[in-house]
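Chain naming follows the written order as A, B and C, and within any one chain the residues start at number 1.
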Amino acid sequence: MLFNKRSALRLTAISLSYLALSATTALAETKIDFYYPVQVGGPVTKVIDGYVEKFMAANPDIAVAPIYAGNYNDTTTKALTAAKAGTPPTVAVLLATDVFTLIDEDVIEPVGSFATSAEDKAWIDGFMPAYLKSAQTDGQLWSVPFQRSTAVLYYNKQAFKDAGLDGEKYPTTWEEMVAAGKAVTAKDANGQVTRWGVGIAGNVGSAQWLFGALSAQNSAKLVNDEGTETYLTDLKVVEALQFWVDLSTKDGIHPPGIFEWGTAPADFLAGRVAMIWHTTGNLTNLRKNATFEFGVAPFPGHPTPASVLGGGNLYIFKDASDEQKAAAFKLIKFLTSDEILADWAVQTGYVAPRDDSWKTETLKTYMVEAPQALVALEQIPDSVPEFSTHENARTTKILNDALAAALTGNKTPAEALGDAQAEIDKVLKPYR
Amino acid sequence: MSNATPANSTVTVTIGAWFLALLWVSPLLYAFWAAFHPSSHGAPFGLFAPLTLDNFREVLAAAPFPRYFLNTFLLVTLILTCQLVVCTMAAYAFVCFPFRGSEVLFMLVLIQLMIMPEILLVENYRTLAALGLRDTILGMGMPYLASAFGIFLFRQTFKSVPKELEEAARLEGANPLQILLRVFVPLAKPTYVAFGLVTVSYHWNNFLWPLVVTNSVETRPVTVGLQVFATVEQGVDWSRVTAATLLSVAPLLIAFIIFQRQFVQSFMRAGIR
Amino acid sequence: MRDSRNVLYGSLLLLPAAVLLWIFTYQPILTTLYHSFFSTAKGKRAAVFIGVDNYARMIDDPVFWQALSNNVVYALVTIPVSMALALAMALFVNGRMAGQGIVRMAYFTPTVLPMVAVANIWLFFYAPSHGPIDQFLGLFGLGHNNLLGTPNTALWALIVITIWKEAGFFMIFYLAALQQISPTLIEAARLEGATALQVFRRLTVPLIMPTTLFVMVNALIGAFRLVDHVIALTKGGPDNSTTLLLFYLYEVGFQYWDTGYAATLTVFLLVVLAVVALFQFGYLDKKVHYR
């Protein structure tokens, strides 16, 4: 015998794997890694895998490896550390607010620089301007919107009716919200509150998001487009915080101290809070579990109604070959096509960031099923990007601390925001 | 437990002891209650609400807990095996092959009792990145593979082994490895069990370091998996979170209830020096 | 001859432990010190030597001081209370009584569970309005406390969890110590007319002194080492009222990615632990050695 059984087997295995390898390389010239987070419930990984398969079927010369990388925080960490080690993903879904961090770390390429043809430019113009804004700085478009959300007002229609209000009439101004809140706040015989009027989450990580809406409603801006300057001592900003604090201390319609994002839906569903400010991503959960009729409303204004945008964008990483980047750009265009975005919205509850998506059959059918989702769409033009600066994690934490200090009565709104502005100035000084 | 306990406890003491015990387990009893009831009943406490396993089903469908368990199991096995080998070798050296300076080395080892790898996580993270072991189970275990506590404990035990036994083995022509395996290790068995239980429960429960070094399902241990599961954008569902919590503590809790006596005695033995 | 053999075998046997301890304990202690004098590398900007700037920044950092004072309060409360409870528990289960085994298990169970898991259970206990604790307070007209969301109570809420979890662990050591005390000694004292309290004060307390000191050092290290519940429950909030030193270190190192400053904070923590170590070697060892 020329060689024994085992080495024959091994040889076969080697030649087989070689064949397999050459088969894939013959078909797929370009390989790219695609990192994405899962932040909401449901079988999200399967949906993404499905999109990627579809993309590869249409583009046999590209092989995409979709990599689920945890939550947003995990994904950013993983992408950044991989980039530092010289093996970044080619394309990734990361928070829109990460843009300055990624620029400072010098790991991303502006997506806009790939959109050279007229067709590509038209594609970019198809995104809603409010969402595009969060990706633009230094005259460049750094990423494109993908899994986006916005905050809305959920209100308990039953509680409204019980208090003698019109269940179909939601508050459109701060004053109306306070009046409605006072009407629906209920107390037991001992004077203990059994139902609060309104709850706005003030815990670390949520406070800065919803405060962005409050400030915008009061016609104030928290941060400049370059992410180098914050305006926390602006009187309009202080006034917005004062309003939030007063909801509890003066009007008595908001739970004292910090209202928690995580327990807000449970509080709403149990009827302990009649109105909550929460993400559109919660609509499915509330529809499934509510035992009473509830409404979804756009945010109120003082006087301009405004909400805040959240969620993740698609980024292209720098350290890759031109072919890979071109392939990544193709994938991005595919993932943000009207049909995919519409399907993605239905599957997850995210808001499709392109007007044309909303004209697809998929979303039209969904609108009939869940007309409440339309509120998010109508509100988008009035919405502002999320708070985002250089050294974003740090400045966001400083702002959160200030909001908590004011909400818990440790400092007055003016003091808290003044201190935070001074701290943030120290952090951002090198970027000015 | 020693049978020579001083006296029977008075009624007041017994009641006090029982009251404290009840207070102590009440959070766990509540978690059990919540995990087996549908979520709409999660808030008001009703004894006769219907029982259900749905929460567990939902948790298992929503997050890869079996994989997390496997990761934890691999991590704990890796650490325990290496610690036993590495610490046994080191303790054997300190007891049977003392040389000039080995006392100083032993003092140096004791530093790790104070400064545990958690404190040095920034630098250890850097080291792991340099070794290319970030987000691997091996990397997660590495800082713990040598345990000062283990070396200390085994050294104490080996020291108490009678010299005559070692001499007798040597006269029979046993080499140092044989002496270790035939004389020292068998005699130290209770210490090994004690150390094993302490290590397993410590690393099963460890959180901060695994949180920092892992960021994928394939490496994440059950503690980190639980934390990721419990913090979602849409808010907390008590029943599901308690179900997931119970799920993640179940193996250790069941083992503890079955081997309660050994657990307690092991911790006691590990504590007595 | 014998000596060189010992050196050979000894060092070979010590080699794995030495390498591992060097890479993950001693070398990082030294590099931490080194990196604390450098800025954090970012993008194309490499880390540069900045002298004691990081230390100046630490002294100037209100969050650092808050974390330090939180940690001191946390240690000063959790250590004595959990030790006193542990001793009481040990005395309870050391006597003979109905259901002794069950009671001992009840005390000890929290110890074997992961802190993150335990934190999730307590999160519900502390929930405003519908959480059991707030409902209980509501019976006395003291309801609507957001215990984790109020700066004055948040740290105390974490302290309670820590005590709950640690007391059973320390109980074990006291139990071991109590069982070492010869019953004849106690009987003799009782025959001479000593009351139970006198026996406890004159006999038990001095005899378990070494254990008390040992437990104390363990508790001290624990107070600076365990922050899992901070991450799971409060993320240091509200307004940094629950930020402990190691949590702040984690935040600076792995949320802000400011590794230079994180190294500086690590150096501070190392100094704290070195003081604990000196206390143990200098003062404690004398007391513990006679065992």
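Here is the rule we go by: contacts are C-beta pairs under 8 Å (C-beta built on N, C-alpha and C of every residue); 3 or more make two chains touch, one makes a residue touch a chain.
Predicted, not measured: the structure shown is a model, and the values here were computed from it.
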Comparing centres built from CA atoms, which chain ends up most distant from subunit C? A
Using the touch rule from the top, point out the two chains with the most contacting C-beta pairs. B-C
Using mean CA coordinates as chain centres, what's the subunit A-subunit C distance in Å? 37
Give, as an integer number of Å, the spacing between the C-alpha centres of subunit C and subunit B. 16
List the centre-to-centre spacing of subunit A and subunit B in whole Å, with centres computed as mean CA coordinates. 38
Each of the following residues of subunit B touches two or more other chains, namely 43, 236, 238
Which residue numbers or ranges of subunit C touch two or more of the other chains? 130, 254
By residue number and range, which residues of subunit A touch two or more other chains? 77, 263, 270
Considering the complex alone, what residue numbers of subunit C touch subunit B? 3, 5-7, 9-14, 16-18, 20-21, 23-29, 31-32, 35, 88-89, 92-99, 101-118, 120-125, 130, 132, 164, 168-169, 172-173, 175-176, 179, 183, 186-187, 214, 221, 224-225, 227-228, 231-232, 246, 249-250, 253-254, 259, 262-263, 266, 269-270, 273-274, 276-277, 280, 288, 291
Seen from subunit B, its contact residues with subunit A in the complex are 39-40, 42-43, 62, 129, 132, 134-135, 215-217, 220, 228, 231-238
Once bound in the complex, which stretches of subunit A touch subunit B? 39-41, 67-71, 74-75, 77-78, 81, 84-85, 261-266, 270, 278-279, 281-282, 285, 289, 291
Interface with subunit A, subunit C side, in the complex: residues 42-44, 127-130, 138, 141, 143-144, 146, 149-151, 234-240, 251, 254-258
Over in the complex, which subunit B residues touch subunit C? Could you list them? 1-2, 4-9, 13-14, 16-18, 20-22, 24-25, 27-28, 30-31, 34, 43-45, 85-87, 89-90, 92-94, 96-100, 102, 105, 108-109, 111-112, 114-127, 142-143, 145-146, 148, 151, 176, 201, 204-205, 207-208, 211-212, 222-224, 226-227, 230, 236, 238, 241-242, 244-245, 248-249, 252-253, 256-257, 260-261, 263-264, 267-269, 271-273
